[in-house]
């Protein structure tokens, strides 16, 4: 079966056919009318690749340095919640696949595997921890301490989520975490464990009850006060916020519209990337997630100034297919596609992808 | 049933399945080939939201001040004719829903409930009266006096309707008001009551016979001469007309293409908004109707300079579903969607929606 | 039946269902892949109407002056060949309809009714004669003399047709004029009558054999040397040619891509109009044909500088429906639609349609 | 049957219905998601033709001079691999058709007919030889010497192919050359003959094993050191590379994205043409391939500065239909369409197609 799955879309199609509706819709859906969900992908088509010819590409190297560490491919795993809905080994399998491929795995706060489980599953991989800040700041503090202790290398602070977006499919489904799964980072912790008896979208209720909607940029300083881990700010879509983040001394910005799941009508993340690169590209590392489906998408993001991209849903489709093996297959597909894109456009290394190599479609409207 | 209706489009789909053709087509249709009807909605997608992060949104307030009065949500009810075709309680139910939600209800001149009935149905709500000017000016004068007496707070003068547009569906259906309904503001008044024996689109014949096609901007002065009610000019689509209206001392301009029902080929109302805001945004209040289907549509209109938006058809779909309750549900959906949009884009109040937060798609075509 | 036909598209649909394939394809088709055929219509949607409010429109007048003569509506009949394929009375019925509506009828050189028949059918209507120039110049000279004698008021010189375009449907159908019909202006004239035994597209063969492909602008002078009739140059799409035509003293330019039948890939005629208006709009009258389907299309063309528009296919659909009555119905629909467009945009007369009232869609992409 | 095939798309449809999947997919497919494959064709629609009127076109000449030789039509045959999959006579039939039509045939390095076979099949035609450079440089040198000896007139050096692109259909099909066919230029040469037992896309494996991925622009000098044949550089898409090529003294540049087969997301070749013409159009001859389906496509490419265009797939569809006759039919269709386009736009010769005659669609967005 897997033999006939040769691109990310093939795995997506497969996942759509095997996942239960409750889980599939949670993973698949976007906010509101889902225009941005579609746009996140399509927007890549608005950028065109200008390949260069006859450059020695016989020895290629896809590795890059991210936050001082070498990663083998510029494609990591973005945080997505509750991965055990896709496969019994969930986050652990996903993290092992990233480790095997030499890239970064980011664990969600609201995961169905705990920080410690994931650390044990993938002890040598580069692991980052995604952070939501709870009204009860001690909850967050404990999470950070556990992540540090477990060897996680960065904190990915999600800054676009005072509450979860309105995802109509989840509302229709009255989404709840299946009863055999748990928010593993809060085991036995009644206040912060998800309450499966909530009606409507159970997750929205959980988030509204517990997340701190009063968060401000100054709270980044609070975080910096008790951890030395580099902070990656995830969810920035404007130059204005990028400047604030850079001034606060964050290590990196992950340009993201949260997989189009927060508010419909935002730009595609690839569209928002250039203004952020222009504003702070020389001061902090910049990454991107949202809509990556193909190696050429990765290529375009790198040309536009991202140091690395992250995938969320594609890894879930890989998990749904065959756990760790499935995710490795997804990463291998993207790696191969990127490798071909590099070679064929005259780039031997990631650094060779210069900004002149990707232009907006409008470039070709002027003679 | 209503449980599964979670967005305005769900209610629209429901109404399309339950309303009789004569009524549905009257409500649904636009002028000519209905390109603007489609465009009114789609044009919102051409504007993108630039969300800001990490701003304290824990205490949100959706209220705003309109013509000196506080409204709880910046979404009111636009005038639409003959609402009893959608529900036996028609305008009265609609007005009660607006009252319950703390927002404005605008009664049409050619309503199937009278000024007095609506005033009695929703005594505490903010009610505006939409005005057509008849050849027989005394008819209009009497309507204004009755509206004043009944506690209506503004006159919404429709300025885009020397005659009704050509709506092909109504012509095909030979639209007539169902025999059990009446133009309630003209009960017993033969000259101005609709003549149900007219052939073709009965309403077009009525309008052509009675409305004053010689109206000019100076007639606004005539209106001002005998009423102290603030005048909202509805139907302006150009900076030129906005300037004339502002010079005449109107209180507000409602940017509108009459739900795409007058002439096909106009801009979407959201497209026309910016030039009007630029021309007179500092002198008069500016509102918008046309195509609002989602809380993010409201958000975009506010960012582009509207103080308030109004909905016509969505309220009719609510009425068709369950009268007052249905309209409340519609308004609640839009309120919730707007509330989420505010929170997720870093806005605690309506005033926080600044103009940098919404940009045309073209903004992202330039690197 | 006709009762339910309320717009031009309804008549088109009807004609598609009743005309024989050979005739329908000849009328319907465009050159090559027919992209321009589609584009001719759609391009009107790229222009938006900016309606003005509260202007006295109680007394409206749709008449205009064209080449010194009053026409009741700014919509005339463009030349189309072989109209008896659509209705037994063909050109005569079409001309009578134009006469009844007070507008211009243009007779094709390759008509199935003769100059004299049409003159007799519609003695009081304004009739123009469309001219192809044959290799045998005497043929053309005789046609002009007959047209003058028969009271035709202008010569419409087609300048875009050294040969007929490749219309694939005609090639597939091996189009021939049905045997009971004749090129009536050449009755008994073997050299210039169509040879129905030609294979492939019989018309292309005819045209290639007889039309003068060596024609140049200087030949307009030859035409001027023996006729005093005003010359309307039909088929200009560029400012460059418009300037040449104006310098030669032609009376008018009919901006046209020959109903998208000559070469695929040209601009829509409505797109080409502005550059021609800009170049010579103050020196010659400018008309347009191509894609007019609705009164708002007429409105847009007038706002962009055309003094008059012409329809080809819509009149054929009217003919196919019910001969003279059908064409009158088509003209009445367009007249009514234009009248509504005028009234609703604040124009009492054709002159009131000023150029600010129609803008390209791009106007609304800039805040 | 052929009678009803009147345009290139008809032949394409026919080929899709008769070719075996393995061969069809190899010919048809593009890289990755095949967006550029679609875009290559559609992009022609973004350019509009501005026809000129009344210019003497009675004597037309479609011939042009290319690399000092007269060709009868500005449409030649681009190199495509393994043409015997389409017809038993493959490259030989294709070359004979080009010879018959007085135009250029380009033989692929990885052809199923040898240099010598093709030379014998079409001794009087203008033949060019497409060159891939193998790791074993002697292989390439021998090919050049054989081509020179066999009377080929130019070397078409493919510069966009350090490796073959990822064509998903070939991967799914595990493409291999059918066993009865051979890479005829390497008969009996084990190292460079394709290994039909390869799994996955056999061709990709072959190319990765043998092509020299370390090629650089300086290697053009190596080629120039042992051949006097003019070098046509095929696969340039940027002004930067065009300048390098021109500085190296190549004779011509063939603007091409390799039929959209190398990397998805490049511009259409017609989009890339203008920047290359602007950069080096006065120094080297410029050709184009990619997406040519119609005579107006040829016309547009010539107006934008190409001296000649080449077709790949259309010739294969002709071969699949009826070998040499089919290719002649394809070339005749394009010739006729181009001839009509010339005549109808006022051009008697190729030189008359001036650059003002084709403009991007955006030209018409400005009034």
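Order of writing sets the chain letters: A, B, C and D. Residues in each chain are counted from 1.
Assume a residue touches a chain if its C-beta (ideal position, glycine included) is under 8 Å from a C-beta of that chain, and two chains touch if they have at least 3 such contacts.
Note that the structure is predicted; figures quoted are calculated from it, not measured.
**Student:** Regarding the chain A and chain D pair, does the interface count as same (over half of residue numbers shared) or different (under half shared)?
**Tutor:** Looking at both copies, the contact residues mostly diverge.
**Student:** Would you mind reporting the rotation angle for the C-alpha fit of chain A onto chain B, rounded to the nearest 5 degrees?
**Tutor:** 90
**Student:** Mind checking the centre-to-centre distance between chain B and chain C? Centres are C-alpha means, answer in whole Å.
**Tutor:** Inter-chain centre distance comes to 42 Å.
**Student:** Go ahead and note the Å separation of the Cα centroids belonging to chain A and chain C.
**Tutor:** Measuring from centre to centre gives 59 Å for this pair.
**Student:** Enumerate the residues of chain D that touch no fewer than two other chains.
**Tutor:** There are none in chain D.
**Student:** For chain C, which residues are in contact with chain D within the complex?
**Tutor:** So the residues of chain C in touch with chain D come to 32-33, 35, 46, 159-163, 165-166, 168, 171-172, 212-217, 219-220, 233, 235-238, 240-241, 257, 262-268, 271-272, 274, 278, 304, 359-362.
**Student:** Can you check the complex and tell me which residues of chain B touch chain A?
**Tutor:** Listed in rising order, the residues are 4, 6-7, 9, 44-45, 47-58, 293-296, 299-300, 336-337, 340-341, 343-345, 356, 364-367.
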